[in-house]
Amino acid sequence: MQHIGRQEWLIPDMYYPELTASKNYVSHECICVLNTGDADADIFITLYFENSEPISLRPVICAARRTHHIRMDKQTDVNGDPVPKGVPYAAYVASSVPIVVQYSRVDTTDGPASFMTTIAYTK
Amino acid sequence: MQHIGRQEWLIPDMYYPELTASKNYVSHECICVLNTGDADADIFITLYFENSEPISLRPVICAARRTHHIRMDKQTDVNGDPVPKGVPYAAYVASSVPIVVQYSRVDTTDGPASFMTTIAYTK
Amino acid sequence: MQHIGRQEWLIPDMYYPELTASKNYVSHECICVLNTGDADADIFITLYFENSEPISLRPVICAARRTHHIRMDKQTDVNGDPVPKGVPYAAYVASSVPIVVQYSRVDTTDGPASFMTTIAYTK
Amino acid sequence: MQHIGRQEWLIPDMYYPELTASKNYVSHECICVLNTGDADADIFITLYFENSEPISLRPVICAARRTHHIRMDKQTDVNGDPVPKGVPYAAYVASSVPIVVQYSRVDTTDGPASFMTTIAYTK
């Protein structure tokens, strides 16, 4: 099937909670990618902060005809450092081929998991 | 009334929770379709996974001038198998006529139901 | 200021929960309208169901330079009947002037309120 | 990098809960801005209500190559008054350069935090 979507996506509201109080879920965020096409997608994520320069994550791949739910708590930047907890941030997602991106967060700070989601912004 | 919407929709973040701890709700997902037009919509859903080839669900119908909240826990693929639990997946939705699609999830893994929703992506 | 937005909006996933177990919130839905312009908006909402013909609600107004969070539990159809509880439905929203529409639900079936929201679909 | 996004964004469903019953989160709302470009964004937020004229908040800045998660509970209008609690409202966001806007709410009225989010509407 053809590639559907766009090559640039933006997510203004990201936050990696410091606490986890659920037995079933760890507080986490996902940048969920769907690649309907026949070529692998090389995905480059840049994180933006409130008081410091942007940083680049290590590239990830969403293979042809696959989804990749990119767990932010498992990513590292180009220096090997993890995504910081407890600070507001945002993301710019660039892909080598058209993809579709949805952002979701699971917050278990207070115990029971609470979910939020939105299709990311694209031009 | 005329058909409003599009014939192709995508949902990158789908997940069918393995656990249910609410008395009132079963953890479930819905692909909610609205067909405002005067012809029935034949709906073809393809599921994408992280580590295996896409699969096709048995077609469903959203009749003319109706909504259909397609419960994913009640669907089967063309081989009769249900949607797998506990694995990240995504969906491509194709319709014979223009429709509008919204995706919602109810997660009761931790007890009280938590909801998330978004209009799906369309070109 | 000028009117911003569109005159037609669609919401595929609506549901009015039958139960309420929170002391602070009644389970409810809102079709939230923003009218930035200098003319009042006459708003016509049509509800779609899974197994019966659409029904029209009594028209509502969102005045010039105002928002109107239209509580679905306070609306009636043209016969004076309320929105039915416990059944999946959807909505088509038409306005006499351009507006912006966001749909939100508060579900307190299990006790603590859970929220979901999305900008509605427009062409 | 270039500026990505739009200069006008709208959020029909805003509400600042009166109660907070979580130890970890205060009930709050955020208008989250991402400014990918090399010029600072001057951001002008107008609030709309159900029964009174719109009011303007004191301008805020989202610096070049930064995100700004604008906490509504920390903003004041041009007279120095805070955002009112317990009343439905909406927002029009104007920026001096293209930005991307996402709206999120954390409600802890009933105890455990519940989250909702959506990319705001833009033309």
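By letter and in written order, the chains are A, B, C and D; residue numbering begins at 1 in each of them.
By our rule, a contact is a pair of C-beta atoms (placed from the backbone, for glycine too) under 8 Å apart; a residue touches a chain by one contact, two chains touch by 3 or more.
Everything quoted here is computed from the prediction, not taken from an experiment.
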item	value
Same-site or different-site touching of chain A by its copy chain D, using the half cut	different
Reference interface A-B: repeating pair among A-D, A-C or B-D with over half of contacts shared	A-D
Per Cα centroids, the chain farthest from chain A	C
Centroid distance [mean C-alpha coordinates] between chain C and chain A, Å	31
Inter-centroid spacing, chain C versus chain B (mean Cα positions, whole Å)	22
Two or more partner chains touched - positions in chain B	111-112, 114-119
Chain B-touching residues of chain D, taken from the complex the two chains share	112, 114, 116, 118
Contact set on chain C toward chain B in their complex	8, 10-13, 15, 19, 48-51, 53-54, 88-90, 92, 105, 107, 109-112, 114-121, 123
Residue numbers on chain C that touch chain D, as the complex places them	1, 4-5, 22-25, 30, 32-36, 65-69, 100-102, 104, 108, 111-119
